[in-house]
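So, here come the structures, one by one.
Paired with subunit B in one complex and with subunit C in the other, subunit A is shared by the two complexes that follow.
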Partner chain A sequence: MVAAVFGVIRAHNLFVVVMMGGIYSFLMATVMVALDAVDVAMTEAAVGAGMSTVLMLAVLGLVKTREAPLRHSPVIPLIVCLLTGGALIYGTIDLPPFGRADNPQNQHVAPYYLENAKKETGAPNVVTAVLASYRGYDTLGEVTVIFTGGIGVLVLLTAVRRRGEGDATMMRDTIILRVVVKLLLPVILLFALYVQFHGDYGPGGGFQAGVAAAAAIILYGMIFGVMAARAVVPQRVVHTLIPLGVLIFAGTGVAGLLLDANYLDYSPLGSSQKAGQHLGILIVEAGVFVTVASTMLAIFYAFGGRAEDALADDETDKPDDWRRE
Partner chain B sequence: MTDILASVNYWVTIFLMVGGLYIIVAHGNMVKKLVGLGIFQTSVYLLFLSPGKILGGTAPILAKEFELYSNPLPHVLILTAIVVGVATIALGMAFVVRIHEAYGTVEDDEVQELETDA
Partner chain C sequence: MIALHLPALQVVLPLLAAPLCALVRRGTVAWAITLIASWAAFAAAIGLLLRVLDEGIISYEMGGWAPPIGIEYRVDLINVFVLLVVSGVGAVIVPYARKSIAARFGSTEQAWFYTMYLLALTGLLGVTITGDAFNIFVFLEISSLASYVMIAMGRDRRCLTAAYQYLIMGTVGATFIVIGVGLLWAMTGTLNLYDLAQRIPEIQNTRPVLAALAFLTVGISLKLALFPLHLWLPNAYAFAPSVTSAFLAGTATKVAIYLFLRFFYTVFGGEGFFVTTPLPEILLLLSLVAMFAASIVAVFQSNVKRMLAYSSVAQIGFITLGISYATETGLTGAMTHIFNHAIMKAGLFLLIGNVLYQLGSVKIEDMAGIGRKMPITMAGFVALGLSLLGTPGTVGFISKWYLGLAAVEQGQWWLVALIVIASLVTMIYIGRVVEVAYFREPTAQVSQLREAPPALLVPAFVLVGAAFYFGVETSLSVGLAQQAASLLLNAAY
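Let's look at the complex of A and B:
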């Protein structure tokens, strides 16, 4: 991981930088497994190593791939960074040691969640229970942030269509890739659904499943072209689904209100508290899934679509516009 | 010896954080800056996750065989943070694309020069 960071600092070819970033994320995911954070590791592997890398490669199709040499001396930033690091390391002397169960951060609410999550929500995966039920407000907020981020990208990249310069090479003509992708596609989608609905019992949930499902379509789009992916999942559907997921989440909270409970309290939705919580978690996770998957797809369409437009423009060799004076 | 190793997880975190910070501050290329930002972000994930690990514990999925579980709370916080992280990176990338369209470069020095010339 450390080597990968140095690689990112040293490399000037941006392709190398991005691939190093991907390797780094994957290593980070394995570290997370070692730290018992299986849910998080799954997300990091899918998002960090998968989505971000694809996204950055799509951007590299649009901009220059070599970094200009540094103009300033890197000494001052280096000193500042080393000072910051030194101060932080000095601060670690007072922090509690690694891995003890009696550390203060492991004493507060965590034991309560571990003891009561199964009794109160019926979900053995405590992470899912906390995510969707105990801290439902947090998650609703996060989903809204993702929603906002997706809208931001759409506003920036689709409002005005200008031509970019660059060559995005989509690997459309490689028969091996085409066959492999067609074989993999249903498996990935099935896996996403499994992760979605098994999230109460094993690692997984709406976030991971959403990214996995989006990854399947994105893979298809990378091989067969963004237009083909748009034919499978039209852009309009994606744009409708982004707010729909947030609405499902928020609406579940309102349903609780109407049934004489607090906002985002799912207990009255079922015959017993446990059944209600279980149903609530399932619905909320479905909302998360819808928003995450469609936002990722929308972002991919926005970036990938630009790259293809640029490619198409170059091919048709239209008369130069005002930008090429 | 165990005392020294007791906070090694924080040192790794700090190294990654400082490395990311250095990339953001010292490099002018905006794509590289965003990769640095990503590294900075993952160091924060580690900062949250590593104190939640309990030695001898297991992943917080309840089963009869296990007694000791790691702290589930940081996992929840970081899970959402990762997905939000990719949304912010995507937003940053969208800005990079637009800046490249407007100025023809993604180096912040060159953008600044073009601005002062204009």
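Let's look at the complex of A and C:
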């Protein structure tokens, strides 16, 4: 990981930088596995190493791949970074040793989750129980963050384009890739569904599954062209699904309110607390899946669409529809 | 039932309305949804205030899980005061937004703008009301992301660089905050603010806790645009759409100031802790520099919106000055100024938005003689300007009175002198606009102007009215601020 970081700093070719970043994320995912945080590792691998690398590459398709020369002296930023890093190291010196059972973080709320998660929520995977129920409100917030980011990208990118529906693929004439992708697609989609529905029992859940499903379509789009991907999952549908996922999640909370419980309390949804919690977790995970997958796709369409425009007509500087005076 | 669930409804109503706006994708419908949701949020804040006055601290268990197992919403006088300011400003601006936004965007983009507006409101309310440290981070991210997008929707292309700069600085701030929260979690095993406040005093001087405090302080200071971490603010406010500038100037930095108070006083144990750190002195120094440097820079701006943005940095200096005293009167002044500055600056940005709407420019040299052609708008601008510099009978005077009083209490008369001098600099930059608007011959472009439509005037004048109403009737603003200040000093939570 240290080597990857220095690679990022030294390299001036942005393509190399993006790749190094992907390697770093992948190594980070393995560190997470070593720390027994399998759910986090899956997310890191899917989002950090996979999705963001792909999106970065899509951006590189639009801009130059060489780093611009520095205009400022890097000395002051370096000092600030060193000070910050120093403070961080200073702060970690007296931290309780890693992984000891009598550490504060293993003494307070964590034992409660471990003991009661299965009993109270019916989800054997404690991570899922904490994520979707005990701290479900944070997860609703996170889904909203993704929703905000997705709509934000749409505002900035699709508001700009409305014409030149040309078709271009990133890798057009590669038969081997085409065949392999066709073979892989159903497997990836099936795996996404497995991750989604097995999230209660093993590592996984809406975030990881949503990214995996979106990755399948994006892969298809990269090989067969964004237009082909849009034919499979139309842009209009994607734009509807982004807010819908948030509504599913937030609406589940309202159902709790209407059934005379607190917001996001799933217990009254079922005949017993356990059944209600279980059902609630299933529904909100579906909401997470819908928003995550559709946001990823929308961002890809938006970038891909711009790349196609750039190829379709060689006009580089387009006037914005809404920025015109 | 509604009263019982008010804490959740406060945030969830705008949160639900945001995806609805994105679903309908029609500007007018989205605006109607936003109008209803924002006024409902304001009503919820008023309802919460009444409940807190009646029964004291309200604890609401999200998902029905008792804290610290689950996430708690904890409402006391301190944050209900901020909720009131944020939702009030949020509600007043929406009627204004209709015409201002429809003039520039297509139907879908309008709906997206309102989605972002609601998300920013949701985030800020969520940060303010929650009693959970990680929840603060999550909702801060919602509001920040939405703000970046709202800034990037400006008319001037420079708004994109401004939004990008804010994105980088804001993300650094958020990262610092999450590092701080992470260190606190490692040391205490809890994320609940109340629970943290119980556990921190005994480990207060350990290195990780001190490092956590350092990271939280820098992260929050970035968000509240404390000098010299304010660099993102001037361009962001100057090039964003008028609605965005008015909303953010009235709310975003105020919520960050609330966070600062919450962490220093509630979580780290009241006055006793704050005065043992070197922070009061540092804060005093930075506040004074902000009050003078930013005001002086404001004098030399040719873009009036940018001038108002620098003025915001200076006014934040006044607020942090009040915090640096670490006394009840000082904190009262700071809290009162949160309330008062929100009214004044939101109003000023709306009024300058009227000029932009009619004239298409806010360059000071383009505004020659505009006072004759847009008399109502400019009268409002002058009225709020007078308030900003602290004329008696306006809210600006009330804030400065308490800030001065706090200095006198400590026998620091030189500070009173500095507050007065800083107000005089305010007079210079407001005076420049007045001089150009009233004492110069209208240019050819200005002489064809007409007054802004009532839809844009009425919301702005609600704020102008508030600036004078609360300048006389101070039982709500100062009264609540005073109680909140005493709660902060006693670390009651």
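Basically, the second predicted complex is superposed on the first by the 303 of 325 C-alpha atoms of A that agree within 3 Å, B and C clash if a C-alpha of one lies under 4 Å from a C-alpha of the other, contacts with A are read in each partner's own complex, and residues count from 1 in each chain.
Note that contacts are C-beta pairs under 8 Å (C-beta built on N, C-alpha and C of every residue); 3 or more make two chains touch, one makes a residue touch a chain.
This structure is a prediction, so every number in the text was calculated from the model and none was measured.
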item	value
Subunit B versus subunit C as contact partner of A:E142, first or second or both or neither	both
Which of subunit B and subunit C A:S267 touches, first, second, both or neither	second
Winner by number of subunit A residues touched, once subunit B and subunit C are compared	B
Which superposed partner A:T92 touches (first subunit B, second subunit C, both, neither)	both
Touched partner set for A:V233, first subunit B, second subunit C, both or neither	neither
Touched partner set for A:V63, first subunit B, second subunit C, both or neither	first
Touched partner set for A:N106, first subunit B, second subunit C, both or neither	both
First, second, both or neither for A:L82, with subunit B first and subunit C second	first
Subunit B versus subunit C as contact partner of A:L156, first or second or both or neither	both
First, second, both or neither for A:V47, with subunit B first and subunit C second	first
Residues of subunit A that lie at the interface with subunit B and also at the interface with subunit C	88, 92-93, 95-96, 103, 105-106, 109-110, 113, 135, 138, 142, 145, 148-149, 152, 156
Residue numbers on subunit A that touch subunit B, as the complex places them	1-2, 5-6, 8-9, 14, 17-18, 20-21, 24-25, 28, 31-32, 35-40, 43-44, 47-48, 51-52, 55-56, 59-60, 62-64, 67-68, 70-72, 74, 77-78, 80-82, 84-85, 88-89, 92-93, 95-101, 103, 105-106, 109-110, 113-114, 117-118, 124-127, 130-131, 135, 138-139, 142, 145-146, 148-150, 152-153, 156-157, 162, 164-165, 201-203, 205, 207, 210-211, 292, 295-296, 299, 302-303, 306
In the complex with subunit A, residue positions of subunit B that touch it	3, 5-12, 14-23, 25-29, 31-32, 34-36, 38-39, 42, 45-46, 49-55, 57-63, 68-91, 93-98, 100-101, 104-107, 109-110
For the subunit A and subunit C complex, residues of the former touching the latter	87-88, 90-96, 103-110, 112-113, 133-138, 140-142, 144-145, 147-149, 151-152, 154-156, 159, 239-240, 242-244, 246-247, 250-251, 253-254, 256-257, 260-267, 321-323, 325
Residue ranges of subunit C in contact with subunit A within the complex	1, 5, 8, 12, 15-16, 18-23, 25, 60-65, 68-71, 104-106, 108-109, 112-113, 115-116, 119, 122, 126, 132, 134-135, 138-139, 141-142, 145-146, 148-149, 152-153, 155, 157, 179, 183, 185-190, 199, 206-208, 210-212, 214-215, 360
